[in-house]
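Please go over the structures that come below.
Here chain A shows up in two complexes: once beside chain B, once beside chain C.
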Partner chain A sequence: MSNAADMINLLESKFGDRIQIKQGTLEAGAIIANNGLHYDVLKAMIEADEKTGITAITGLDLGDKLGVYYHVHTAKPFFTIKAEVPKADPKIKTVVDIHPGALFHELEVTDLLGVVFVGNELQGHFVLSENWPDGVYPLRKDVDATKVQLVPTPEREANKNAEGRQVKIIIGPQHPALLEPEKFSVTVDGEIVTKVEPRIGYVHRGIEKTAESRSYLKDTYLVERVCGICNPIHAYAFVSTVEKILKPAVPERAEYLRVIALELNRLHSHLLTLGHAGLEIGYETLFQYFWRDREPIMDLIELTSGNRVYGSLITVGGVRRDLNPEHIPKIKSVLEDFRKKMPFYRKLYQEEPTLRLRMKDVGVLTREDALKLSVVGPVARGSGVDMDIRKTQPYSAYDEIPFKQIVYTEGDTWARMNVRMDEVEESINIIEYAVDHLPSGPVRVEVPRSVPEGEAVSSVEAPRGELFYYVKSNGTDMPERVKIRTPTFANIPSFLKTAIGESIADVPSNFVSLDPCFSCTDR
Partner chain B sequence: MIDLWLIFRILVFPGFTFILFLTLFCDWVERKLEARIQNRVGPMVAGPGGILQPLADFIKLLTKEDIEPRDTKKLVFRYAPLAAFSIMMFAMCFLPIDGASVISTGGFSGDLIIILAFATIANFLLFMAGWASANPYGTIGSARVLTQFLGYDIPLYLLALTPAFIAGSIQIATIASSFPYILLAPWAFILFIITMQAELEKDPFDVPHSESEVVGGLETEYTGAKLAFLHLTRDVQVVFGSALVVELFLGGPNGPVFFGLDWLFYTLWFVLKLLIVVVISEYITTVVARLRIDQVLTGNWKILLPAALLSLIAAVALATWVYHPFGIGMAVGV
Partner chain C sequence: MTDTKTWARVKSPWVLHFNSGACNGCDIEIVALLTPKYDVERFGIKLEPSPRHADVLLVTGAVTQQCAERLKRVYDQMPQPKFVVAIGACACSGGVFEGNYNVLGGVDKVLPVSAYIPGCPPRPEAIIDGVVKLLNAINPPKKKKELAEAPKEAPKPEVAPVEEVKQ
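Entry: the complex of A and B
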């Protein structure tokens, strides 16, 4: 089912006037379904379209009520199911039993807003620190984050290793295999993993809450700090939501420049991961080669945006910096140089025997599981799910630029890495096309500082997968609510599933194939 | 009477000091080679081309604070690294370096078996070191050491017997001086190098040191001087393994001698041949990924062990019906 009208008709015929459907708001439509109907609506949608999944769950403070918005993606159109619960008794039925991918999203809403999902209750904290007091929910409007009294660190449970041959290995928060702090308690029976328990939130910075007390202009820079590696896409996702409310006429040249910035970013991010995977499987030479060849790409990012990492190129109404025509030959020559090296790298990733031994049939995620868990990006495309947001819901200038959607069907680590390998080449093509077909004209329009009341969502394809932003404005120059759902947050559940039953030695290679970014996950 | 000459041979040349510096030199060669293959510069500050870097690292570790976790088995934790190092050094003393072994009269019929046994004991001591460190990573790392060397010792012994059988002797000096057996049994040379990679825990067999899985492996809890000796033991093992290849397959220290300086040229040939083996071994390490422990074991029992047996059978057959009747490869006096 790829048509929004079909889905709306189906829901109207099934639920009649028990639900309200507002067509056209929040992409395809907002479905208001209270009193537990959200569960039935979602079930009906999943039955009608196998690609239905939950992109994110936004919790909102609506005064005396709490809003729980289920952002649902289908094969093409994008819906939002809105449910509300009273603040005094914030209980709502969980949807984990019909869509397991909602697990992390529900736990996060519980931790940050205190909504209790009946059937999926949270023990302790999920993203907040252990020192955070119980019953204080930071995203509620009445909580002043500066006045929260932290509690002493609770007594640590003694390490219970027992139970026969089972040994608990703690991976993280500090571990050579993880470049960022996050904890995974892996229980192993001999060398076989039997259980994985994650604990995220070690670098939670409260960016969603911080964004509510800053102007839109400052927020653009703030959301870039969610992730160092993929920062332009965060800026773009935020800016595009704001632009959906403001509706400025963004010049076409700006859109092309945005695409160039985003694809350069994807290029360097993919090269980073392809090299890092080598490090995880003990292939240091691979790592050194990829990172050597990534450097010229970083130079291009510096050339086009002014900085190697944080270019802050994208802003509301356009981009901050035009492309100097004198730099175009340099961009092209660097990309051409890299294209010449591609056959070597591709052959290496496709055929090198020890690499295949370590990556083939490791961490296999079937297509059904990928759909059920709502995984995104290269992880989904490695499992045969053709969901590249650049194709399904084209944004910016992607609808004018020809490129291939890369899909592998094996579903293992090898497939996920090769999706990235092939996307590197597509990114080079896109940048070259965009540079060749750059429209002339201005690169930025003036926009008002205050944003009228409204709400918008934006789904974009970050290097690690679908990145989702929800922004609600209240007529001032500061947003009412900013919800960020990062790709790694959606992909971690797949790791919890695929790691079980495999060797502990496969954990790093399996995990790195998700291209995990914990800084994103924790926000 | 104190034999001053013997003491000099044991302590200085070609004994302890020489082997120690040879080890550090080989370490530098490995690091530099790996760096160049990976487009890096490698060590370059200490000494010309960074040649003193391994020594500097060793001395630096000696000066670091020595921490002993509370739950360790103190005796084993403290002395296993030192004992492993001593045994490896002792095993080195049986190898002919400047024409004769360190203790000139120390070689005896069957010393090939005893140095292989020493290598096994040293590995076992390393396992004990990790096991005593009361750390899950150390425990898993050392369990992997044990699994790996127990498996790979069998093909290693069988392959070491291949040249021994053609030579008709199990005395290293005799095997080394009779013929470069790489010419008579090239297949065994290739298999021996691969098995040696596994014995020395180098890529693609370095699962006990896989930092992304088991952090530091058996070294996780070690600091300071003990860690320095663990590292040194590994480096001596690498030299020992390469030296064994030289002695068994490349004719040991034998080569043309000029000006009557036989000890100098023997040492030179030995070091040159050793470097060739070190370079081959390091090259393999650099261009492959690390295997998984189950793949390592499958490779051992399903591929290397049958191959080693076939190699031995082939050597026996060739020696009996081809080489010996024509007087090729037979050690003198057999």
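Entry: the complex of A and C
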């Protein structure tokens, strides 16, 4: 089923006037389903379309009620199921039993907004720190989160070994295999992993809450700092969501320049990961090679945006600076140089025995599990799920630029890394095409500072997978709510599944193939 | 002996990198330092995974509530003398996250900081410059004049010479 009208007809015939469907709002449609009907609606959608999954769950403070919005993706159209619960007794039925991928999303809403999902209750904290008091929820409007009285950190439990022969190994928060702080308690029986318990939230900075108290202009810079690796795509996702409410006429040249910025970013991010994978499996030469060849790309990013990392090129209404025509030959020559090196790297990843031994048949994620867990990006495409948002829901100038969607069916670490390897080449093609076909004209239009009342969602393809933004505006120059669902947050549940039954030595190799980025995960 | 120790430390400082809630921007620039273009290992600077072997702690990020205690613990595990370098605007003062509910805003709220390297993120060259300045502060390089005046013979070693063993 790839048609929005079919889905709406099906739901109308099944539920009649018990639900309200507002067609056209929030992409394909918003479905208002209260009194526990959200569960039945989602179940009907999953039965009708195997690609149905939960992209994100947004929790909102609506005064005396709390809103729980399930953003649901199907094969193509995008729906939002809206449910409301009273603030005094915020209980709602969990959907984890019909869609396991919702687990983390529900826990996050519980921790930050205090909605209790019956059947999936949270013990302790999920993203908030251990010294955060119970019963205080930062995303509620009546809570001044900066003045919360913190409680003493509870005594840490001694590292009790699990029962019998099983041993618990703690990876993190400060660990050589992790560049960032996050904790994974891995239980092993001999060398075989039997259980993985994550504790995220070490990098939780509260960006969603802070975005509510800053203007849209400042928020563009704030959301870029969700992730230092894939920053332009965060700016783009936020900006495109705001533009869906504001509806400015963004010049075509600006869209092409945005695509160039996004693809240069994807190029450097993929090279970073392909090299980092070498480091994790103990193949440091590979790491040094990839990072050596990544530096010219960083120079290109600096050339086009003005800075190595945070160029802040993309802004509401266009881009902040034009491409200097004198720089085009330089861009082309760097890309051409890199293209010449591609056969060498491709051969390494395809045939090198060391890499094959460490990556082939490690962390196998089947297509069914990938759909059930709603994984995104190269992880999904490595398992045979053809979901590249640039193809399925084209945004910016991607509908005019030819490129291939890369899908591997093996589902192991090797397949996921090779998806990235092939996408590097596609990115080079896209940039070259965009530079050659750059339209002329202005690069920016004036936009008002205040945004009229409304709400919009935007889902784009970041280097790590589908990135989702939800913005609700209230007519002022500051947003009412900004929800960010990052691709890494959606991909972590797949690691919890695939690590089980494998050797502890394969944990780094498996984990790095998800392209982990905890600053994205925690926000 | 002190001179020898200082010499060894300045010529080969082992650094430990700790992310206290950074966005990965600074962290990736630190890793980029190790790679062929910048290659800080030629200065003897080595990234060390264990706090127990490290001389310098490179901290990035605005220090989240959850990380603060862990950061102190990592610092306590390092042997004396130890130095802390705050890398990036967040580590210096909180940066863009200043005032967020889960962020302390700056490494100096938790630890004594020896050097601040601002920037969002600082360029790899800036990080090298900051670390070199710190090393120069620990062991000021002799000026040209001092070098000219210095006696040409090698200074006598402080350690008493080992007596030859008669066979």
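Everything that follows uses one rule, which is that the second predicted complex is superposed on the first by the 522 of 523 C-alpha atoms of A that agree within 3 Å, B and C clash if a C-alpha of one lies under 4 Å from a C-alpha of the other, contacts with A are read in each partner's own complex, and residues count from 1 in each chain.
Everything that follows uses one rule, which is that a contact is a pair of C-beta atoms (placed from the backbone, for glycine too) under 8 Å apart; a residue touches a chain by one contact, two chains touch by 3 or more.
Please read all numbers here as calculations on a predicted model, not as lab measurements.
Trainee: If chain A is used to align the two complexes, do chain B and chain C fit next to each other or clash?
Mentor: fit
Trainee: Which partner does A:R292 contact after superposing on A: first (chain B), second (chain C), both, neither?
Mentor: In the superposed model, A:R292 contacts both chain B and chain C.
Trainee: Tell me the contact category for A:S503 with respect to chain B and chain C: first, second, both or neither.
Mentor: Touch partner of A:S503: chain B, not chain C.
Trainee: Identify which of chain B and chain C touches the larger number of residues of chain A.
Mentor: Higher number of touched chain A residues: C.
Trainee: Touch test for A:T273: chain B only (first), chain C only (second), both, or neither?
Mentor: A:T273 sits against neither chain B nor chain C.
Trainee: Quick one: classify A:P176 as touching chain B (first), chain C (second), both or neither.
Mentor: Touch partners of A:P176: chain B and chain C.
Trainee: Quick check for you: in the superposed arrangement, does A:V226 touch first (chain B), second (chain C), both or neither?
Mentor: After superposition on chain A, A:V226 lies in contact with chain C alone.
Trainee: Kindly classify A:S383 by the partners it touches after superposition: chain B alone (first), chain C alone (second), both, or neither?
Mentor: After superposing on A, A:S383 lies clear of both chain B and chain C.
Trainee: Touch test for A:G201: chain B only (first), chain C only (second), both, or neither?
Mentor: A:G201: touches chain C, not chain B.
Trainee: Per the contact definition in the header, classify A:N418: touching chain B only (first), chain C only (second), both, or neither.
Mentor: Touch status of A:N418: no partner.
Trainee: Considering only touches as defined above, state whether A:L355 meets chain B (first), chain C (second), both or neither.
Mentor: Only chain B is touched by A:L355; chain C is not.
Trainee: So after superposition, what is the minimum Cα distance from chain B to chain C, given in Å?
Mentor: 5
Trainee: Residues on chain A in contact with chain B in one complex and with chain C in the other?
Mentor: Residues 175-176, 288, 292, which sit in both footprints.
Trainee: Can you name the residues of chain A that touch chain C in the complex?
Mentor: Within the complex, chain A touches chain C at residues 128-132, 138, 145-146, 148, 150, 153, 173-176, 179-181, 201-207, 209-210, 221-222, 225-229, 231, 272, 287-288, 291-292, 294-295, 298, 308-310, 517, 519.
Trainee: Which residues of chain B touch chain A in their complex?
Mentor: Per the touch definition, chain B meets chain A at residues 34, 37-40, 136-137, 140, 203-204, 206-207, 210-213, 215, 286-295.
Trainee: Which residues of chain A touch chain B once you look at their complex with the stated criterion?
Mentor: Against chain B, chain A makes touches at 167-169, 175-177, 191, 278-286, 288-289, 292, 352, 354-355, 357-358, 503-508.
Trainee: Which of the residues in chain C end up touching chain A in this complex?
Mentor: Those residues of chain C that touch chain A are 17-29, 31-32, 35-37, 49-51, 61-62, 64-67, 69-70, 74, 95-97, 99-103, 120-121, 123.
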